[in-house]
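As written, the chain order gives the labels A, B, C and D, with residue 1 at the start of each chain.
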Amino acid sequence: MLHLSGGATASAFLLTAPAAVPLAVAGAYALATPRTRPTAAAFAAELTEARQRASAQGPVLLVEAPEPDQVSARHGQDWAGLVSPAVILTCGSLLAADVDSGGSQRAYSGLLRADALTAWMLLVIGTVALIACGSAPAYLHGERDAGRASARAVSRYHVLVQAFLAAMSLAVVTANLGVLWVAIEATTIVTAFLVGHRHTRTSVEAAWKYVVICSAGIALAFLGTVLIYYAARQAGIAEAWALDWPTLVARADRLDPAVTRLGITLVVLGFGAKAGLIPLHAWLPDAHSQAPAPVSALMSGVLLSVAFAAILRYRVIADAALGPGFTRVLLAGIALLTLALAAGLLLAQRDYKRMLAYSSMEHMSLIALAAAIGSPLALSAALLHIAGHGLAKSVAFCASGRILQITGTARIGLVRGLLAQAPPLAGAFGLAVVALMAFPPFSLFASELGIARAGFAAGGGLGWVMAVALLLVLVAFAALAARTARMLLGPGTPSEESPSAVWPLLLGLAACAALGVALGPLTDLLHAAAQAIGG
Amino acid sequence: MSGGLYTQLLDLACGAFLLAAVIVLWMRELASIVRVFALQGIALAAIAVLLGAHEERWDLIAVGIGIGALRAGVLPYLMRRALAALTQDRRRYADGGAETRETQPLVNVAASLLTASLLTLLAYAVARPLTALHPTPATHALPVGLAVVLIGFFVLVTRRRALAQVVGFLLLDNGITATAFLATSGVPLIVELGVSFDVLLAVLVLQILTTRMREAFGTTDIDDLRELHD
Amino acid sequence: MSVIPAALATATAMAGAGAVAGFVLPYRLRVPVVGVLTAGVGAAGGTAGLAATGGSRWAAGLPGLLPLAGAHVAVDALAGLFMAVAGAVVVAVAVYGIGYAAGHGSHGLGSRTAQAVLPPFALTLVLVPVAASVSTFLVLWELMALASLLLVLAEHRERASVRQAGVWYAVMTHLGLVLLLAGLALFAAKAGGETFAALRAGAPTVSPTVRGLVFVLVGLAFTSKAGAVPLHAWLPRAHPEAPSPVSALMSAAMVNLGVYGIVRTGIDLLGGGPAWWWLGLMAVGGASAVYGILQAAMASDLKRLLAYSTSENMGLVLIGVGASGLFTAYGNRPLAALALAAALLHVVNHAAFKALLFCAAGSVLRATGLLDLDRLGGLRSRMPATAGLFALAALGAVALPPGNGFISEWLLLQSLIHGLQVPGVAVAVVLPLSVALIALSAGIAAAAFVKALGVGFFARPRSDEAASAREASPLMIAGMGLLAAACVALALVPGLLGDGLDRAVSAVGLPGTGAVSGGGVRVRLADISASLSPLWVVAALAAALMVAAGLPRLYGRRRRRANARLWDCGGGAPTPRMAYTATSFAEPLQRVFDDVLAPEQDLNVTPVRESAYLVERVRFQRRVPDRIEHRLYEPVLRGLAGAGQAARRLAGGSVHLYLGYGFVGLVVLLLALAVGW
Amino acid sequence: MSTAVGYAAVAGQVVLVGAGAPVVTGWMRQVRARLEGRAGAGVLQPWRDARKLLRKEPITPVGTGPAFRTAPALLVATTAVAAALVPLLSTDTPVSSHADLILVVALIALGTMALALAGLDTGTAFGGMGASREMTVAALVEPTILLSVFALSIPAGTTNIPAIVSGAAHEPARLASPAGLLATAALAVAVLAETGRIPVDNPSTHLELTMIHEAMVLEYAGPDLALVELGAQMRLTLLLGLLSSLFVPWGIATGSSWVALGVALVLFAAKICLLGAVLAAAEVFWAKVRLFRVPELLAGSFLLALLAVTASYFLSGVS
């Protein structure tokens, strides 16, 4: 691999690395798990620990004082997690340079394939992962200090996060719809333990809901995939290519409409579950509120979008086979319902991590709405929205994790005067929420503007849908503004907070703002990506 | 194998497959449910093998056997182990007896069966275009797969025991696999492998979570999982 | 011709430098540096505006900026007028702001955030009129909203009410954005392009229904920004809670942009419309004028009073704009131009005196920590400069000669009175009503500002804080002085604005009027003539005043004034507590307008413990709530709260429920597919 | 030549209003006294009062400020300027192009406001009370006057008073129209309110329950009080003159001849005396309205004015 002679090898490397490197890092973490104690004993200790916690119905502080030399080692370990985001980002940009004029790169006989959408998504994954992994050391440090994380738990955390990144990267670089499904299901399994990593009642509950609901949903998506495959086979596509996305797109007009319709419905429902769309959305607030903050950031920032990117891929097939009307109605309906639900639940929200989770649903439904509109402008806006939301939401979640550590509560009503207490952190959180409320210069404004413009331009009732959506967004905005203001504003006494923990957050905010001002070199990529999914 | 025999055997297998799903709905003792589920796995394997034999594709037969091993062997084994763990704990938890029975599903048995029949009808209605696209004995049986998917989902929704929910999820999965076989004689191997692996992992995850739940909540009644809400 | 881009680039660069300086510099340095840079932004923006009102034009496209749309900018005389006003206000307020923020610790306006946001806010005030496409406009509009929001929140550590105000402001401004976005996006979609040029070109092809819808949506949004009813609720909250320089900027520069928006979209881009648009706009304007000033007359918080007065003045401006549109709809373009000129002149005048009023109120706040008129008083001797400047501005606000407000209101009345030449029953009913409303609001405005000045600054201090007040710092007075000079200039020689005003009016396609020229205001149309010479009025008044003041000296024998105790009908030397308060001053008016204001009162009688017949304490409380808010907003808020509580049940925690959603969703969709989509 | 007459007319108006105002008040008091069966103090008594007050020592109550000291002079000054503008004697004066009706109304309001501020400046309960009531009344009177102005300016097509007056003098039919009558009635009520006469205010009362104007000026003494009184009397004269000019315009010089000016002077004196007598007589028979019912009265006149405008529009619009 080191000897990159031919273009094919290079592209194969670029396509493989985003998934392989995180996997390798995960493996390295797994091997480097501290072996100071026999594994079985550690397990037993952990088990008793968990039981004691359960009996006390709350976290019991079992502080294991780290030895001095271990501390630096652990810090290095925490920072090593930045390798994979860096690799994903690099591969994403290198691929972007290749495909931003509309071409694509293939490897392993089409199993892996990168077009502009892939590059775009890789860039988003890489950046969000950079923020999440960059703020992980501070978060883990806080967890260790509070005695909530043993060395083993931290190590397992790293392994799972890296595996999670690998699964998501695989989901965007594969061209095979079956592999895409496998990769997305894999994210569920990997993150289940991250959601439940604290062994408390609530985290177990969240993990159970997460796994059951997502697995059920994703199973439906598989059924849909099977039906599409069936339709493809009946349309005369060979077995090897019947799940190949480019082939399906090229020959979608020959697919049987009735079967495709059924398949697409199931796929939208199924991947919609992972994307936080109604009706299988309910895992989302629970999982996001229980997962460690960096993981919440990853889940909300990219996992949802990766799942949605799958829907975008299927949408191209469906539109070619059925005309745009079907997915439009389906997606618009789902988007509106989701938006209404998210807005309603934001209104009386009392937990700030759940608040952020519902805000994710709000934004995913906007993206879904853009997909329903389906014009080039709308699709570009959707992709830009994916990026902007990923950045802003990951910053918000990472900041919320630190806030949780500082204040010790996730209740909005119990947090006061945060700006006075921890100005840099609260400032980052506030700005992230401002970005999520779609104020310029953050890119979410530009994308919402684009979606609205596209929506009114589309006609055929979508104007009304857009109007209702805008009203619901207003409701969500009001709820978000009131809650956040309550947390941040007011008098407070300054507390110790190292500003160094805030740099990943500021980086994310700066990136989000920069995207909102000018896309610069990404302009072509965005347009090519929108073109790749039918814009 | 003659066409008629093949059709009859296939129909028989599919009937058994559907019947097993309905019986799961009927049963209350978790151990019996697991047993029925294993039988369904065998029926599923039979479908795959029959299809393979009909089309004279040895790889399909192999896949069928593999699936049979997974669904009738490994998965029931894992669940039985989890069940055994629950039973062993009886002394520690006073209500242990209730843990192995689905005493009070959210919808009672009679209504469940009625719903199952309605769902089957729905599956037939939905599957019409599927059959029409390529009418063969196999695709004629497609509604069975869809019906099992729906019934599995229904079990998932209405059963209160963690393990019963796992079974529901697996029924759903069985239904999908059956659909895949009946419609297209199975998806490509790499996908099939991935799917099976994922299902296995999902069950493992759920099993571990069941244990943790038992530790944290003292029960595996899913209805007690209500601490996270708005 | 290159003045405008150069000036705008300078302004942008200075704003950027100011933002950085606000973050980086230590407290002692940052306030003066940011202040100077902000003033620079204002000066540069004002220069660009003046150049535009002087006849320059500039347009450019910046496709690299602003994803998915690209930025388009253009400056014409109309934009120039608003830029010039904003720039001038920014300069004066920035100078004032240095004095305001200095020496009061690094909280509030002196904090890093506030100082860093101030220059960009000034920039957006200047830049909003520059936008020449829907996206550019909305981006700048929202940037302005965000910057002002952050500034409104600057003093959140001092008062809990700031948070409330901030949330209200944020939500209302977002409501405005939603309306604006819907309206403009719809317009752009139907007109086939989102640059203003495309909109202008495509407007005639858009169906009347859509045009009407666009106008209603956009009009609601812009009137909300202008602080007109019914979407005014943010204004009386945000303005009092913001630091005073910010209130001044918001009230004197930001609200104007609502008017700009209406003129730009309604008259320019949509190219005018049927009479009902403009009748509606005039109704909104008239209601705001009277309702705003009534609330102002009832308010006892000085800044709240000023905020409601902004509502009133914007109402007057909207009446003018509406009349202009109405006359255009009936084909009388010279008269339309006159009405528009009057409205724009009032925008300028209002900016001058309202900025000064808010600054003076800020000085009072800095000196006493109070804004409650009931507890102020006697400031004229402790802070004479501030009191004098407040009086000067108040004279402008009550629209009496020789104040500057009089000239524009006079012009407005002239346009309405002569509007009766235009045939049509609607006109016959609406114009007299508008005149009546303007007159009524002027009358009540007099009462309101007599209260503000007389109770707040005259008489004797009613609290220790007021008694120990100290005059504002020289920089604050200098800033106010600039504004006062503007007020005086506008009052004496409004003709200075003449050409600029004409060009602004002709920029939207109406003929120039030459209404304001030379030293006087002259209306000369086909068969009307009326004129007003402010300089003559002032000279005559001054002469008469000298004569009247000299009369006793000529006639009387004793020239020296002797001091004596207050007589007070023999009661003599009453305590400050016995003086009339703002609340009692407003009581008769409140009685008159009982039905409109619907005051709420509580009477609590606490009897002595031993006997039910002996009263220990009587507590009487009366509040004048914002009735529109009561009727319009509270049901919505209650409904939303109810919806929120109801929605919580959807996330009840049961995994069965959650799976049930999925199951039902699946079954419903399958059924739909089965019965044929 | 014409300018000389014009300047003479302006000067005559100002001097007439300034010097004649106490006489008009004296005349009204005399008429009233006679009607009430008293002998009365004589027509010149207000003059004698003014002279007495002017000779007294100027007093500044402790705790009052510049507003208190300048208000009397401002009151007189605004009225004097208004008197110069209103065509009491001639419509053809050098200032007639500035003689805008809105400006005149605003100048009168400015005087009212100055006095109200002075009342508040004393810091006494009475001063505040008077100011509050005065401003309440003024707030309602101002729109009434403006609307009447509006009604009258519609036929003339301008708000320039000389133009309105000369137009009316040439076309008497305008005044006899329903609009003209309604406007007259409305303006009459407004004038009563603005000048503080019964039934709105009682100029000779000092009861705190009822007084408006007097409460504001309680602290004035000596020359200041003289100016305040003079100002009030001038306003009364001016407004009566305005009423007469607008509704009985005959006799006012429209050209520039000394004879016409002389005739106008005589006729003006006669008109004012007649109006004053009518007003005084009415005051004898009317009672003062309760303070809190004053707004009803004013609202009524406001409606009359509005009706006048609408009627005037429809009547002139039909043709």
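Everything below uses one rule, namely that contacts are C-beta pairs under 8 Å (C-beta built on N, C-alpha and C of every residue); 3 or more make two chains touch, one makes a residue touch a chain.
For each chain, UniProt lists the protein as follows: A = Hydrogenase; B = Hydrogenase-4 component E; C = Hydrogenase 4 subunit B; D = NADH-quinone oxidoreductase subunit H.
Predicted model only: the values in this text are computed from it and were never measured.
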Between the pairs B-C and A-C, the one where more C-beta pairs touch | A-C
Calculate how many whole Å lie between the centre of chain B and the centre of chain C, each centre taken as the average of the chain's C-alpha atoms.
-> 68
Starting from the mean Cα coordinates of chain B and chain D, work out the distance between those two points in Å.
-> 99
Just how far, in Å, is the C-alpha centre of chain D from the one of chain A?
-> 78
Separation of mean Cα positions, chain C and chain A [Å, integer] | 43
Which residues does chain A have that touch at least 2 chains other than itself?
-> 208-209, 212, 216, 220, 262, 285, 345, 348
Quick one: which residues in chain C touch 2 or more of the other chains?
-> 647-648, 650-651, 655, 659, 662, 666, 670, 673
Send over the residues of chain D in touch with two or more other chains.
-> none
Which chains touch, pair by pair?
-> A-B, A-C, B-C, C-D
Which residues of chain A touch chain B in their complex?
-> 47, 50-51, 54, 176, 178-179, 181-182, 185-186, 188-189, 192-193, 196, 199-202, 204-209, 211-212, 215-216, 219-220, 222-223, 225-227, 229-231, 233-234, 239-240, 242-243, 256, 258-259, 262, 285-286, 289-290, 345, 348-351, 354
What does chain B use to touch chain C in their complex?
-> 106, 119, 122, 125-126, 128, 150, 153-154, 156-158, 160, 222-223, 225-230
In the complex, go through chain A and note every residue touching chain C.
-> 208-209, 212-213, 216-217, 220, 261-262, 265-266, 269, 273, 278-283, 285, 326, 341, 344-348, 377, 380-381, 384, 417, 419-420, 427, 434, 437, 439-441, 443, 445-447, 449-450, 452-453, 455-457, 459, 463, 466-467, 470-471, 473-475, 477-479, 481-482, 485-486, 489-492, 515-520, 523, 526
Enumerate the contact residues on chain C facing chain B in the complex.
-> 647-648, 650-656, 659-660, 662-663, 666-667, 670-671, 673-675
Tell me, which parts of chain D touch chain C in their complex?
-> 51, 54-67, 70, 72-74, 76-78, 80-81, 84, 95, 97-98, 100, 102-103, 106-107, 109-110, 112-113, 116-117, 119-129, 131-133, 135-136, 138-147, 150, 153-154, 157-160, 206, 218-219, 221-224, 226-227, 291-292, 295, 302, 305-306, 309-310, 313-314, 317
